[in-house]
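Same chain, two partners: chain A is paired with chain B first, then with chain C.
On to the complex of A and B.
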């Protein structure tokens, strides 16, 4: 057992006991989460799951929870070019109805601010809220803190048989120095429901987005979940997506991090019934002191479940990127297929990439494959482009974009792929 | 009559080149005037591709002595992209496959980089498509190849045609064709030769590396040079090609005082 790191001053200022909400079930849940956080503390490299994520920035920066007051609108661009459709916008930690567009949701789709939904439907939501992302394990610190304190987020429900064509976006923008909003989203798709959900986390200066998205997919439900993180030098984005997939359901995760003091999208998918599927895709880039840590855990709990993972990193001088993919095949989960691939392109000798495919198999009739590679730009290809008159910086950018292209090809929204491509390898787009 | 005629375009003087401590080229002298076609022949491993690569600016080759002047400028001081923009084109003996990069995107980037350098407006997608389709028809390149990754999965012949398509698009001043004929069937050879001949003119020169007389039948060179063990051991007019076809290289090597292993070479 490792000893939790004692809370340090800035984090303490942030981590005050949760205020009472007036709903006993919720206060009890938040109280338990708070106790868990006090017990396990902040995660850090001492934990195997956090081996490649340095949480020091969280203890060194002056961070505070949002005041809860509605900020004036900001000048920064909200959202991503080319991604239209309904959206919930959260500005400096608070839901902003003025910037949101939720009035034209199709029938069968409900999107409500977190506390509003918990107040209205406490009885039903109490059966899932805070329970998909469990608080077990020494690495539960951040999700426990999040559960204890979060009062902002969205509850998204798509009724059985409803397919929403337009993407639904959750936009989180922090423009105020030192803010550390805690987010909780709950996504429930009924049988055969379909949704494309975009979570966009943005921030200026020193800030910390800590978020948990709990997802419950009914039988044959399909969710494409895009997660785009834009943090800058001073931002820390930690986000856990906890997903359960019922029979023949499909979950797709597409995460892009492009430069953050620390960006750590963690995805854990439980394939609970036969034929449930997951496709987890991620790209990460960075330079300077940027750190990206894409971690996943996939549980194959039923026969004929499938998972595919493809993660690629583009790392320049000083940056660190890591991929940890844990796949657990439970007893009785026969005839499953699990594939994990990770590749990194190092643009400098002073970049670091770590890859850890981890397999735990307790069934005998399974197909599992994994591969990891680290390389540099292909010199022959670089010369070929330059020998045709293309300047070196552009040639490098072309090859860098080509490297991540197969991952971006999997992204369901071309505008999201373009967004990621522009950040990983700026230049003209093909 | 071009004002350029009989003006030197490329002058190579006493060029010595080393790769990883091994000396490959040993004092090459070669002058290519505007409008001329030079063929370079010679046994495998004699340094033909090395010469072509050094002219195009590929890294990994160390010039230990000599100089190369192109359009009156020090060629060796120029980075590869600048050489290309100034009109040097190397058709690769082994064109490089670039997964993930669309051929048409690559071609457009190349054409616009060169146009920009020449002070011409860049072509937009529509204009470029029109241009590339015209050149593809000339070179008999299938349109489908535009939308595949650069050279990826192309057959040997398709790769060579793609090289010639690039040459036609970039309209170089000095085209260096490294075994453009290898791996081509007879029809493809004729198409490629037609493509080259269509570009021939008083303001454009060619250096063609080849093992076969047949190419020289379609593209008649002004000069033929035989390179062996890093040296030009014989230069002549196109009758030399017939002689080589009949007699091989042995007699030339002997006359140069080299045996088959290159012993005796300075």
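On to the complex of A and C.
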């Protein structure tokens, strides 16, 4: 061959077997993950879990792993207006201390770059790292690849009884064409600890963010986890959050995807002890060739656990949005409550909405309900507004905004809700 | 029912009521499947060459396919070479030509099943095509139907007498390569019913088929084809039973419905195959492909099913809504008790404009049963103004059973309105207490509550079937709640 073939995702992975880190436990773990990835490969529509996500862009695009060198600062805005507080910024695949603000952390809160933390506390972290997000199942390809290759990310620890008021942000920005960074974050909250965590994924041009966040919540710990994804038609964002919740702990996920060739936030929550709770919220939208695939899996493993899910999509010409939620109630998990709601607004003909709210129940004293709906803007409501002298585009914007508002109401940071609203339902914002 | 009896006692007595074996001389092939077996079946039926070729093509495709395992059911691997693909009561030449000639023992079989043909024929005006193992035993009321131009006969007879119709429609809705079990059925189907309702005819009576697997180690692969020509109407009932046996038996049927412009087909099933025993020994594997095509404008296909039997059920009666303004309906009650596993639901494919569909599914799990609803609602981009309403409810009785819901909703047209609702709950102590205080014993109370839970579906059944279905519900759940 005279011209080199474009470096495609599988080649990208094959081109770079995991580097030795010098820590035997970590190298063994990465080796196992690498083997898993080699065995199951990239996910594709043949997997039921990936039925509604087109992974074509991953195999078509020219992608490469970041070199690991510190890039110069970029001109793009870093972070989200109105979200202040400490932050770790990752630029073109590398932790950037200059753009980060980690010196104002309150006592009891530690945020360290991934490899630094694994080097310092390997013995302790080896008991969690890479173990919450299991490598079972035919859909494990991406998280296996991530575990094998990731050397960038953050380890966040909040000590028992510590409540951090200001939100902590992880900002990921790719400005270099063709980069495919692999992220791995680990979040550990001690008993009764509280944290609001914002993960923001951004990218320009062709790029692929592949990320896994493992979260371990102690008894009565509470985490609000905001996840905001932003890219153009060249971006692919795949992000899995794996969460364990102990007794009376609470996990809240608030995901918003706007644009991206494919944005796929996947959340799996294991409610492991009585009274653990989860609230999963998501909004998605797009037009053109944008594709969003919000998937969740919630395991009720103990009695008196609760979960609530609310996901809404606004889809315009050419866009595709999917919601898949699986709630599993394990044997013996009595007196649980689980609710799933999904609604989609189709704004034009060439849009597609797919919904799969699923229940798998092995206990009898349960209250489970799910619902899904797809439709267009209410013509009567549109007429009502038009009759009051509001122009059609504005009337449509008002109704669209009203449609997503109950999800955005649940977002704990108003700035994040505003960010999502501006992207999903443009118009005058309150 | 006297409440003095020990409920456990009654459970023992209420074991599978259709589980007798009829002692009739059978002619059957040794187990195994190859092209010679298919040629044998085809020759036995005196089929034309095109049909033999059709079967062989399906068989060759089947050999390339792998058995699907996406359903939420678990069972040991099936050895397709251990099944006998042909069993028939002997002496096919002098098979009875009318009901009077039917072997008295066979009639007794149907008596035991509670479907006395005579009575049905005379009182209910039901025409019955009874399929016993692989051979159609008797078709009643044929002449009366013929007066209206209606064809109702065994499929093999239709192949002989109406080859043009069979050739035109066979495999049109469920192509031989549709799925693993449909391909197997296309290769080895041995009998089934054929119905043709001419233009503008309203079938004057309910048509009915009873299927029974009698012989040991046999599979049953019947194939039903119903064609309702323009502006016609037919209501079709199907019932099934099988004897109690320790080994599993395979039932892989295909049902195809075609409704032309303005036609309406109502298809009702009461499925009471042997469910196996409390330890999960024996029972029928019911892997069935049922699909209807609403070909013309304003056509309608309505599926109603009460699934109480089989150890494993894998069945999704579906509607392809091609004609504008066509309507698809699916009403289902599925019970999983003992070690039964059911993965059942429907597919509604909206292609035509202003098509509408309704799905009402009621799943009841008891004992160690597992019950899954799996359904697809797909609205294609040309299906302007399509409408779907889905409700699937699960009722759990006991803490060792399970209930699952796996809906798939895919919408590509903004003017579509699709709604899906599902709930899962158990019979509440309050409901039971309320009934008990009014003097009902626990089982009567459960039966009352369950019947209420299923009412929307039972109401869709023709009257005689509704009565039978209600009795079946009671029998299937006896002993489920103490």
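Please note the rule applied: the second predicted complex is superposed on the first by the 415 of 430 C-alpha atoms of A that agree within 3 Å, B and C clash if a C-alpha of one lies under 4 Å from a C-alpha of the other, contacts with A are read in each partner's own complex, and residues count from 1 in each chain.
Keep in mind that, in the parts below, a contact is a pair of C-beta atoms (placed from the backbone, for glycine too) under 8 Å apart; a residue touches a chain by one contact, two chains touch by 3 or more.
All of these numbers come straight from a predicted model, not from anything done at the bench.
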Chain B versus chain C as contact partner of A:355, first or second or both or neither: second
Touching partner for A:374 - first (chain B), second (chain C), both, neither: second
Contacts of A:331 with chain B and chain C, given as first, second, both or neither: second
Which superposed partner A:388 touches (first chain B, second chain C, both, neither): first
Chain touching more of chain A, residue-wise (chain B, chain C): C
Partner chain(s) touched by A:347 [first = chain B, second = chain C, both, neither]: second
First (chain B), second (chain C), both or neither touched by A:288: neither
Footprint of chain B on chain A - complex, ascending: 378-381, 383-392, 394-395, 398-399, 401-403, 405-406, 428, 430
Parts of chain B lying in touch with chain A, wherever the complex brings them together: 56-59, 79-81, 83-85, 89-90, 92, 95-102, 105-106, 109-110, 113-114, 117, 149-150, 166, 170
Touching residues on chain C, where the partner in the complex is chain A: 70, 72, 379, 381, 394, 396-426
Touch list for chain A against partner chain C, complex: 48, 331-332, 334, 344, 346-376
